[in-house]
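Chains here go by letter, A, B and C, matching the order in which they are written, and residues are numbered from 1 within each.
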Amino acid sequence: MSFLRILWLILRKDLTVEIRSGEIALTALLFAVSCVLVFAFAFVRQGVPPDGAAAAVLWIAVLFAGTLALGRTFDRERQSETLRALLLAPAARPAVYAGKLAGIVALMLGIELLLVPLTAFLFQDPLFAHPVWLAAILLTGTLGFASVGTLFAAMLVRARSRDMLLPVLLYPISVPVIIASVQGTDALLQPEINVAVLRFWVTLLTCFDVVFVTLALWTFEALMTES
Amino acid sequence: MIDFETVAVDRVSRHFGRRRALSRVTFTARTGAILGLLGPNGAGKSTMLALLATLAHPSEGRIRYGVNEVSALGAAVRARIGVLGHDLFLYPELTAFENLAFFAGLYAIADAPGAARAALTQAGLADRADDPVSSLSRGMRQRVALERALIQGPRLVLLDEPFTGLDDRSTAALTARLAGLRQSGAIVIVATHDLDVADGLLDEALFLRDGRLVETMARPAGLRSIYRDVMSRPAATPASPVGRA
Amino acid sequence: MTRDHDDISLPGWFLPAAAICGLMFAASPVLIAYTPYEAEMGLVQKIFYYHLPAAWMFLLGGIVCGVASARYLRSRSARHDRVAWAAAELIVLFGAITLVTGPLWARKTWGVWWTWDVRLTSSLVSWLIAVAYLLVRRYGGPGSDRLGAGLALFGMANVPFIYISVNFWRTIHPLTTVVPTLPTSFGIPLWFCTFTFLLLFVLLLRLRVRLEAQRARLDTLYLSLDE
């Protein structure tokens, strides 16, 4: 199916470029780690972290690092105008979006892979007690954030003030994702997990993902074509 | 697969708010011909190329590929258009081979790696195939970029300032390649400042100034003096606003 | 072309409607003053007669903006874009009224300015999206019309998600005080004020669309000078 083929081509290209240069992955990762440290210094009182801080800190760091990674990824496409080249190809535009989205999600998941142990370590919270639930929240939450972020970042490529505008646009729209991800992760850290609550948040995130990825696929063509 | 013998630009205008980038430009380009878009900076050459590449829609007027407009043809027409932009459209971290294979894949070419290798051989860069593009000289990058633009065998080839920063040898190679394209029946449209190179290459020259097509000339010779002549004419007086919609 | 021309000239009903609206606004405090006091809350409850209609106009603005943005993306007609932009400004205006009157009422009744009431909180998030829309239109540069349209669409799709996530978040974190909700009482003053606000909404929308249409016409005239 040509949609998947294009998606795979673009994803593979993005991963190759990133592995070769390592720029975005490494700098975003370091930024995320610094974020977590700053929060640790801000919140930990006399060696004791406040209740429920781990979940909040993790997701705030993911959010900030993700925003930077998004900005930088599309900045790179702007440098040699390669985004234009992608749009010039007869490849269906939604497939181009899906390919870039897959790349961003892969990048963010990679960062989270290192961030989660770090947060668990610094805040002494049992983040790994229920790995399947954790994975579900990380996956659905990251996809939700990235689905909107990729679309907005692609549209902002040629706009002025794009560095400021991306978070301004992205964060309010991401509020449901933030609430659900943080609360879901927090629910995981309780001594007795409440499965109903977890199920609610994961379901909400999944619905968000479905709705917004679909909306993005539908409107990507119209949004990227200059009138 | 769609194909077309002509590209017809019919009273095309493009404006942004109050800024008029193009104003009622009309011309037709035919197969086996090289058209030159000549004019100073800001004349609208790049805008015209962007419209021809279907990257943007004209504010007024129409562009027809053969008898059909873009809206009728859809994405398939993009497969028949090759663009060499100012910024080369290459990923610096990837090798020359990887860049070509990637774009070949995007254009749904059957044997993408094979086509990439053939293109590199054609450009005389087979030995640098596995070097990252960022390590190549400007001239070599230009050659790879040109191959990228041509890898799908386009009917319409659009080039934006392709001779910028090239040495004599690369310029001669590019000119020869364009002549070869003309031979094979492609429609080639080149926007350039480089009048000396364009001299003798162009089948038709279109002179743009302030978004207007002020002069067209078939088989121009002695471009530099013609250009100076055309550009130093006084600006056309505005026509009376009759029948303005 | 005729539709644009329609936008530029004010319709016949405009001035009479504006006069009526002005009179109704002048009359409304009198009407409100004469309604019987609410048993529990007393005088303070009367702010409600402005708060609720403003909230409804806030919602109406959201719908108009979302629908106009969707139509703009489909048709690329400048008229839809103007309506969307005007509606976004009205969202910010009526949203501001809602977000100011709500806390004023809450402060007097419960002694706290902000109670994380689900409706107020969701409104705040949606209001931020509308403010982001205006920032994009102002600072986005070329292509900001499409960017805004995309934001409006995503914002509209987001409303149920925002409400559900804020609601669940609130209920699983019960506050120490009893969580209050803003009541909905019915009566003549409410409908009177609602109609007044609706009239104001329509008048402002029409006026704003006219302003943009005039600007566009100026641009067209300016351009035609060159011909």
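The criterion applied here is as follows: a residue touches a chain if its C-beta (ideal position, glycine included) is under 8 Å from a C-beta of that chain, and two chains touch if they have at least 3 such contacts.
These numbers were taken from a predicted model, which means no experiment stands behind them.
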| item | value |
| --- | --- |
| Graph class of chain-chain contacts, one of line, ring, star, complete, other | complete |
| Remotest chain, chain C as reference, centres from CA atoms | B |
| Comparison of B-C and A-C by number of C-beta pairs in contact, larger one | A-C |
| Central subunit by CA centre of mass proxy | A |
| Centroid distance [mean C-alpha coordinates] between chain B and chain A, Å | 38 |
| Computed distance of Cα centres, chain C from chain B, in Å | 48 |
| Centre distance in Å when chain A and chain C are each reduced to the mean of their C-alpha atoms | 31 |
| Overlap residues in chain C, where contacts from two or more other chains coincide | 142 |
| Where chain A touches two or more other chains, by residue | 226-227 |
| Touching residues on chain B, where the partner in the complex is chain C | 15-18, 20, 23-24, 238-239, 241, 244-245 |
| Chain B residues within the chain A interface of the complex | 53-57, 75-76, 78-79, 81, 83, 85-94, 98, 102-103, 105-108, 132, 148 |
| Residue ranges of chain A touching chain C (in the complex, touch as defined) | 148, 151-152, 155-156, 158-161, 164-165, 168-169, 172-173, 175-176, 179-180, 183, 197, 200-201, 204, 207-208, 211-212, 215, 219, 222-223, 226-227 |
| Interface residues, chain C side, partner chain B - complex | 1, 142, 219, 222-227 |
| Complex interface listing, chain C residues touching chain A | 73-74, 76, 125-126, 128-129, 132, 135-136, 139-147, 149-151, 153-155, 157-158, 161-162, 164-166, 168-169, 172 |
